[in-house]
Structure formats: C-alpha cells, structure tokens
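Both complexes shown next keep chain A, but they swap its partner, so chain B is in the first and chain C is in the second.
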Partner chain A sequence: MAEKPREEKGISRRDMLKTAGAAGAAALIPVPLDASTTVGALEKTSTELLAAAPAGPLMNLTAHETEILSAMVDRLIPSDEMGPGALDAGALRYIDRALSEAESDAAEAYRNGLTALDRYSEYSRGKPFTELGDKEQDSVLIDLQTGSATGAGVGFVGSSGAFFNMVKSHTWQGVFGDPQYGGNVNFTGWDLINYPGVRMRVSREEQRRLEEDQLEPVRRSAYDFEQFQAGEED
Partner chain B sequence: MSQLTQIPVRVAGIGILATCIVTAEIDAQSPTTFIVESPTMTTGEMMPRDYSPDGRNMSPPLRWRGLPEGTRQIAVICQDHGAGNPPPWVHWIIYNISGTADGLPTGLPFDSSEPMPRGLEGAVHGNNGWGLPMYRGPAPPGNSLHHYDFAVFALDEELNLPPGLDREELLEAIDGHVIGRGDMVPIYRRQRADSVSTVN
Partner chain C sequence: MPTQLKTTDVVIVGMGAAGGVAALPLAEAGLEVVGLEAGTWLDRRDFAPDEIRNNYRDWPMLVNKCEDERPTSRATSAQTANRVGSHPMMNAVGGTSIHYWAQSWRLNPWDFKVVSETTGRYGRGRIPAGSTVEDWPFGYDELEPYYDLVERAVGVSGQAGNIRGQLDARGNKFEGPRDREFPMPPLRWTAFNERMADSARSLGWHPFPGPAAVNSENYDGRRGCVYHGFCNKGGCPVDAKNATHLTTIPKALDTGNLRVVTRAHVTKIEVDGEGRATGVNYVVGNNEYFQPARVVLIGCYTYENVRLLLLSKSRVYPDGFSNNHGQVGRHYLSHHQGAGVSALFPYDLDAWYGLPAQGVAVDDWADDNFDHSDLNFIGGGNLWAMSDRRPISAAGMSTYGRGRNWGSGWKRFIAENADRSHGFYIQKSTLPYEDNYLDLDPTDTDRLGMPVIRITGQFKENELRIAKFIQDRAEEWYLEAGAIEVSRGGLGNSMGASTHAYGGTRMGDNRETNVVDSWGFSHEAPNLGVLGASVMGTSGARNPTLTSQALSWRTAQHLVDAWRDIAE
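Right after this comes the complex of A and B.
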C-alpha cells in the first residue's frame, strides 16, 4: 500500500481545505499530482475510502442537536491561521459514529448536554448558542468548562464541566485519533501537530531525519498495516 | 523578603462585611489605603449579573483614586474568601497595570492574543482559580450569597511580571513593593435571566 504523496509547495493544505469549505467535502479533496507520482500512490487506502464516504445526516443526533454540537466542536479547534479545524478533520462525524459504537452509553449525555448548553446560552446571553458570535460562544464554553453554567433551569445533568470535558475529549479523538475510526479525515489532525505517523520500525537514518525535522511523515492508518487488522474474526 | 503581616483591610462601613474578615498579605511598613470604586457596583451591594456567568461574564469596570505617591504599577485580584479549599477562590488576577492608569474598563479580553485597551498596554492576566488567565465571574452554589473582594495593590516598582502567575506567586512577587491597597467588596447570588441588574 503506497503512502499518499505530500502536497506541492505553494498550495497549502489549509488553502485547499478552505476551498472545500465543509468537513464532508474535505474528504474529497484530490491529491495534487506531479511527475514523481506513481500509480501506487494513487491507490486508495482503506482510510481514504472511509474518509471519502458521503456526508449524510448524523445517525444519533437531531438536526438541531447537530447544529449545536457542530458550533461547539468548531470553537474547540477552530479553523484559523494555524490550519484546518475540528470540523475539517471530521470530528463531528467521528463523535456520531462513536455514539453508535464504543460511546453509545454517552448518547443520552449528549442529548441532555446539548439541550442544556442551548438553554444556558439563551438564559445567560439571550440567544441560542448557534446565534452567538465566536467570542460569546467561547465565553459560554468557558462557563461550561469551569462548571459555572448552572443558572436556574439550565439543566446540566451533573456538572457542565463534565459535559464540556466529554465533548472536548471526543473532539480530540476525532481530530488526532486514527482515521480508521472516522475522524482525522485526510490526516488533518496529524498534519496539524506534525505527527510523523505510524511505523512498524524506525531505521537509524529515519531516526536521524526525525530529529532534524526532515522525516517524511507516514500517512497511513495503523489498520493499513498487516499487523493491525481491526475487528476480524479468527 | 520582608516579613509578611496579616492586617485587616479597611473597607467602607458596611455592617454585612463584619462577617467577612478580609486579610491582606502586604508589607506592614507603610501601606496606604485608597479608594476603589466602580460605576456599576459598590461594596455590599449586588453585582450586576453581566459580570457573572448568569450574564455575559465580562470583567467589571473599576476605578481607583488616592493612590500613594510613587505608585509605578498596579495589580488587581478578585477573590472570594468564602470559597476555595483553602480559601480564597480566585476569580481574576491582572497586573503590570501602569501606575498612571485610573482604572479598568469593562470587558477586558479573555483571549491573551487580543490586545489590552489603550492605556493598559503591558497589563497581563494571571491564572484564576480555574487555572485560566482571564476574568470569570461569581457563581456561588445554590442560593448562597458570597462576597467578592476586588483588591487593588499599588506597587512602588515596575515589576513587569510574566503572565500566568497564580495568586500565591503574585503575592510573593509583589511582597515588599506594596505601598498601598484599596478594596471593593460587592456581593452576588445566582440570578434568573429576567433579573433587573443587567448592565447595558
């Protein structure tokens, strides 16, 4: 399985993502080709095929809940001069998928928490969360984080901080986790932190280049290696 | 480092404050008391909800006058002596404020990448009780009523301290440089959205 070629200089990943404009679309960005591109490099890994899946409605959240969660996730890791954000990386879809699988127990906490977040926003800022500006959204999220979003009738089950930390943790997973699980689309998260990628072995030469920040990153899911085959029966 | 002394802070004669003994860890040699006030709140009275998470959670405006001669820089701490383990719980720390400043406007940026308003260049936030370098307003539990001490320290030197100090680190850093202090201690209880004490 070939590694995906890096983008040409002069066309930044962020520029491409900006053009795409949406998380679903980001998965469909074509890889720029140059003379060195081989046929092998055009082969799709399972991760890329997953990432290219069409973006439909979420399975576990209503349209309104999706809007609120989308706005929240977008403020946790916004798309800015540092690079693409959590929505570009597919964190929203990662969370939705997790709520059907490993995090299914959290589905009710999401529904309660998103409702409470919107109620708190109306209560404290006079508008639904999605209608607030970036700064006001940040301010509301800090209230959640600090456990202060407890005004009368807001209705967080437990602490607002617990809900904030849950969504933050899942967003981090969706951005920086292995793409096998539906997030980190096109390795957006790994590119953001310059993660060298999954390797089965590291040669002395690769170690040297890594230390000199010259190592070409590997952009393959761990599950694209034979040693890691997820969910297969013996 | 000079000997720290616990001295009672002289605040306005509000009876309710008799239950709230505020102590100051400042140099005992010559601290001058000066006036701290605000156009929107005062000692012993309810803070507007916009300075709390019941409202917009923006930092309140402060004014001070009667600073001692020789004031070079100013530091501000907002603390709740009735919360925290151990108390106080810190809501706000800001320092490196020019000694020529006569107060703070409302709504200081909570994003450190945003510039401070004109006249406050160089001022930086310390870390509050949540470990965040910003103002976060009062949110006392249940229906309880808490006192919020806005303590303003006049310093005899431009210390230009690094951002992100917590209360203990700041007090240690300014120890021996405090030539005056003023306090304003409004109160707060969680309010409903339709309460009247909103700042426009």
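Right after this comes the complex of A and C.
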C-alpha cells in the first residue's frame, strides 16, 4: 500500500490549545479544523490556526467542560510521530454534533463525567486535569478506565469506567467514522489504520491487489457517491 | 372506535423475513392478503456504506417500534429484569432480512430429532435435566422441498455437499440430502478464507463455503455482490442481499392479491365467542383500525409474536390468545453466540472488503456429527471463519495484552495490527428448559402503555460445556493458521436479547406442550397461524432465517390446501 507522507513532529494541537488559553475563554474552545485545513497547517502558529478555523463554542458543553474533554481526547489519541491525533481529526466536533442528535441522551453523562474527572484529578493529584502533565493525565485516565477513580465527592454516576468507555467510543467514532459526521478530517483516522477506503464495488482483481499490497487507497465519504445524496435518483 | 375495514381472506402481521415469504404462495393461490407492517419501504438509496449509521446508531429506519418495545432481561426468575440496551431487529417492509448477515442455512437432520436420535445412539439419560426438548413433529425430509422453494424464490448461493445421497467434498458432508444444487455458486473467498480452509483440512476437518442469501452473480434481475464491506447490519446498495422486500413481496404484489399497509402497529388479535380469530386491531399514528380476516397469520420476531398473543386477552383466552394451556412463552431459547474466541495474526487478513456471509464453515463439531459417548454434553457448534472488518470496529480491536488500548503506544500497535485480528462467534445448539421463558414485564411498557416482553433465560450446564469444547476447537484452528495470540470470551450466563430467538409458540403434536400444530396453526384457535422462529423447538448450530422462511412457506401452502377446513 502506498505510504502517505507523515507529519513531522510539530506543535501538538493540545499545546496550541494551552498556548491559546492566555487569549481568554473564547480562544480556549477548541474549534474544529475545517475540512480544508491540511496537516501542514499544524506548523502554523496557534493564532494563525485559530484564525483560519471557524470560531464558535461547542453547542452542548461549557467552555470549561470543553477544555477538560479536549485534554482527555488528546491523550486518548495524541498527535505524535505516528501522525495527527483525535483533536486534529475533529473528534470534538463529532462528539458535539452527536450530542445534538443521535447521542443527545448522553449530554448529561458528559457534563457529569467531565466534572467528576476534574474533581478526581484535584482529589488524587492535587490539580485540575488540564494542569497536569501528559504522564499524570494518563495515570488519571487509567484510573478512570479501570473504574478506580473513586473518592470523597468525586461523584461519577455509574462508574468512571463507563464514562471513560463512552468518551473513548465516541472518540473512535469521530476519528475512524465517515467524515460526514464532522470527524476523520483529512481521513487521518483511515490513514492511521491503512483502511483502503469506501468503494462501491471491489472486483476479484482488486481484492487480489489488496492482498498483494498493491491497491491504492481511496479517500472519500460514502456521501460523496451520488446514490446517497438527498434527492438524487440513482 | 376503530375504523372497521373490509374483510380480507388473510391478514399477515409483519412483512419481514417470514411474513414476506408466506405472502407469496397465498397471493399466487388467489387469496386476498393484507400485510400489516410497522415500518416503511426502504430502498437502496437508504443504504449508504456508513459504519456510524449502520453499527452505532439506529440506522435509516423511519419507524422504531422495535426499539420502543425492547424486552427486559434476567437470568433467573429470582432476579429483577432490566431493559436491554437495544433491540436486535428492525422495522421495515422486508424487516430484518434487510440488514441481517444473510447466512442462509438449512438445519441438519439431527436438529429435528434431538430426543430420539440422542436416546437411540447413547441410551436414555443423556437429555439434560430440566430440558423440555421434544422431537419436531416431522423430520428434515418434510421440510426439504420448502427449503428448496425458498432458496430459489429468495436466492441463496452456496455449495451443495449432499445431493440425494451423492456426497460432494466441496460442500458440507453432514448436511441433509438436497434435491439439487444451490441456485447460485458460493460467494468468493479471500486469501485468508483459503488459508483457514487449508488449516482446517490439515486438522482433518471438512471446510466448505457457507450458504448465503446474497447473490454471488446476477440473479433474478438483481446484481451480484459488490463486496463493499458494509453488509454487517447494513442494507445492500445494489440489491444483492436478498431481503423479502426485493424478492417474495414484490412477486406477491405483482399478483394483485397482496396489499401492504405500512406504519401499521398491530395491538391486538380479536376473537369471537368460540375462540376463533376475527381479525386484528392496529394503529397508524393516531388512527385506529380493525382489519377483519378469515385467517390471521402472525409473522413478527419471536419476542413480538409472543407479546402479541399475551397482550390479546379476552373472555375466551383470559391469559392471552391461544394460551389456555399456558404454553405461550414457554420453551424459549436463544443461540449461545457469546463465548467467542479471537486471534491475532502476524500477517494482514485483507478483510476490509468482505461480508459476514462470506467465509469458511466447519460442521465437524456441530450437532451429533461427532461421537459424544465419552463427552458430558449433547449437541455442538458450527465454526465460521468469515470476512468482516470496518474502520471503527477495527480500531477498537483488543490489544491482546500488548499494552493499553489508547495513547501513543496504541497508535503504533493499531497501525500495524488493524487488519490482523479475527473473531469467531461460536454458534452452538441450545436446548429449551423448564425455567427459560418469555412473559410480559410487570412494570416496563412501550409508548402505548403496553407491557414489553420479559426474557428469563440462562445458559445451562450442557450449553456451557459445548461452549468450552468449541472454544478448544476454535483455538486449534487459529493456531494451525498461524495465530500468535488467542483470546477467549467468558462462557456466558444470562441469555439476554438475541438476534436468534426461538420458541415461545412451539410447534408440536401435543397440545399440552405446544402452541401450534405440525402445520403452524394454533391448537386452540384453528384460524390463527404463527410464522417465524418462535415455532422452532430446537436451534441447531446455525442461523435460523432460512428455516423460519421454509416453515412459513409450508404453513402458507397448507393454508391454501386446507383453506375450507381452516377458514370456514
């Protein structure tokens, strides 16, 4: 399979968000990259990047909740030498849209869970989650995942593991799902796992080429096919 | 008051896999048929290859009756049942045959005669304690002609292993004799499928391509499979998956004798003073209707068939329609599909463009195809090495103990391994037991305020022993194919809600232990017929849809042949 050029390690999205923090609450909100933003854009300064992206808060979470979620999602799939991370892929935009539509029942669980995550971080590590370093954030998230993030006043509804799994599941949908839903920007999720792409027909010959690592990946949304566009007759 | 409609010969509740098949022989015989369907028509433009919609959200259904009446579930009657997270079925013309996996198996002869075959081969005492299993009222040979009719009317691809006693090593040597070949050759195999077949042969087993209600070539005016990789819980964008809304229902409509009413939510079967069905009530939006009919056929999923009978209480049937012997809801069982085994390989499987019905089956450890003399269980499991992979689920794979499943380390793992895992769900025979049953939940209701079904079901010792035994075989197979890691699921306990739910209106000659007779008509209300897997008393080790369709055709044909006796 053809290798795609990989991003050189640059400023991570997370670092940019931290830098941008000084600019005030509005800038803290990690606005989604728009679809035309290339990986190269990550080399720009945070100011340039934020200016290039459409501004606007997440619809379903406060600025503070968004900041915590952003930090968590960034640790789940970080931007690193392997390529872009979940934030670059638009996972936050995916989650926000989902909370407005198909996953609207989950909005309360997000609000509760993010608040509890921060309280657990304060309780167990002495600092809010967003102020911890990468390793400390990871160790807090491991506690969440294993269901051991408990303590006086932490207050996960259900278990911390259930909250962790919900966020992880939605993040994976946002990174590896069809870009139609706001995530998988520039198909970075599909590039990471070498998914050969959405095709409407795979001949025996194409399957053979796939097996010989000779099939070029295609990168398009299912909804780029006319058959699935609203109002189209096939 | 409901609007009173004109009397029809036959009303069928549910235009899915079973009801959609039964409509054809009835309409072709000139009977006037009304098909009531809770869902709507969908077509190939609704079936985008979209994993989020198919596998994580509620898909393109315009009507979500099934989700609204999700059952509650518990393992034993000592527990309180909780609502299950989602319903495995969908509502639409064509029903779940639109998005099912389309493995289209015939049962093996043993499945019809578990009691007599077991007793005959191993002596008395081998039927597990507490099981209510009975022989079916007929054997495989009785159903063979109907299997053949459905395979052609719907379109099934596969490789015969036994044509009138002539064995063909390319097919399943354990299957019951067929009258002739499949109407289409099997779906193609990937290189990994070939490798699994070779590995099975090295173990001395007999691998073969599984049967699929998917066109392997152009058939009956529809295209062959395009292998786009989104068949798992997805409708087919080129009409190659043979759901009844593409096959038997349009043919029945062509006769002019079938009328399909969509968005029709049936609430009750009505009865006269003698206990005969007079028709059904249904609602469309806020409007209520009564559809009088000479014969009522219910063809919903197992949970809904049982629920509709239990909800239809009357003076004649105070405990639910056709339930004066207390058998509605009894003899419930579901396939034990848990206890899966998965493996990590050191090479790519190239499974992205496969489908769950494309694969390699092994029947050597199913049913009574091997000697159980020295084993402490009866029955077995079918092994199925399919091709099925999509991006989100691939990225969610197990890391097989090689680190946590997120973070930078995981990114390196997944970049290498996303196409290197494989999973077996292991489909094992399940028996009915005295204390596994369906009834109405005492508290949970649907939107109309009517109780939902409560599942009380637990896998018993016999089924757990099968699970362990089949896990061992699965591990052998994976290791033979070069797996570097093998992982096993737990053996299971509570049955939960299943896509393979059987019983509740079991078929049999004894009216004390069965709801319907050997033709599928009620022992108590002779003009009520039941279609679907709710009439099956054993599961076999394979998918139920083709058997439920063959039984539906047979029930419908019997209705045509015995019209006067049943309807008048």
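What we mean here is this: the second predicted complex is superposed on the first by the 173 of 234 C-alpha atoms of A that agree within 3 Å, B and C clash if a C-alpha of one lies under 4 Å from a C-alpha of the other, contacts with A are read in each partner's own complex, and residues count from 1 in each chain.
The rule is short, and it goes like this: a residue touches a chain if its C-beta (ideal position, glycine included) is under 8 Å from a C-beta of that chain, and two chains touch if they have at least 3 such contacts.
Every value quoted in this text rests on a predicted model; they were computed, and no experiment measured them.
A.B. asks: Quick check on the chain A-based superposition: chain B and chain C, clash or fit?
C.D. replies: fit
A.B. asks: When the two structures are laid over each other on chain A, which of chain B and chain C touches more residues of chain A?
C.D. replies: Counting contacted residues of chain A, the larger count belongs to C.
A.B. asks: Under the stated touch criterion, which partner chain does A:124 make contact with: chain B (first), chain C (second), both, or neither?
C.D. replies: first
A.B. asks: After the superposition on A, what does A:168 contact: first (chain B), second (chain C), both or neither?
C.D. replies: In the superposed model, A:168 contacts chain C only, not chain B.
A.B. asks: Is A:214 in contact with chain B, with chain C, with both, or with neither (first, second, both, neither)?
C.D. replies: neither
A.B. asks: Please indicate which partner A:138 is in contact with in the superposed arrangement: first for chain B, second for chain C, both, or neither.
C.D. replies: Once the two structures are laid over each other on A, A:138 reaches both partners.
A.B. asks: Quick one: minimum Cα-Cα distance, chain B versus chain C, in the superposed arrangement, integer Å.
C.D. replies: For chain B and chain C in the superposition, the minimum C-alpha gap reads 6 Å.
A.B. asks: Do chain B and chain C touch any of the same residues on chain A, and if so, which?
C.D. replies: The answer is residues 138, 142, 145 of chain A.
A.B. asks: For a test of understanding, state which residues of chain A touch chain C in their complex under the given definition.
C.D. replies: 75-78, 80, 82-83, 102, 138, 141-142, 145, 168-169, 172-173, 175-178, 180-181, 189-190, 192-196, 198-202, 204, 206-207, 210-211, 213, 222-223, 225, 227-228, 232, 234
A.B. asks: Which of the residues in chain C come into contact with chain A in the complex?
C.D. replies: Its residues touching chain A are 44-45, 48-52, 56-58, 188, 190-191, 226-229, 237-238, 348, 350, 352-353, 391-392, 394-396, 404-408, 410-412, 414-415, 418-419.
A.B. asks: State the interface residues of chain A toward chain B in the complex, per the touch definition above.
C.D. replies: Those residues of chain A that touch chain B are 122-126, 135-136, 138-139, 142-143, 145-152.
A.B. asks: Per the contact definition, I'd like the list of chain B residues that touch chain A in the complex.
C.D. replies: 53-58, 110-111, 130, 132, 134, 136-137, 139, 190-193
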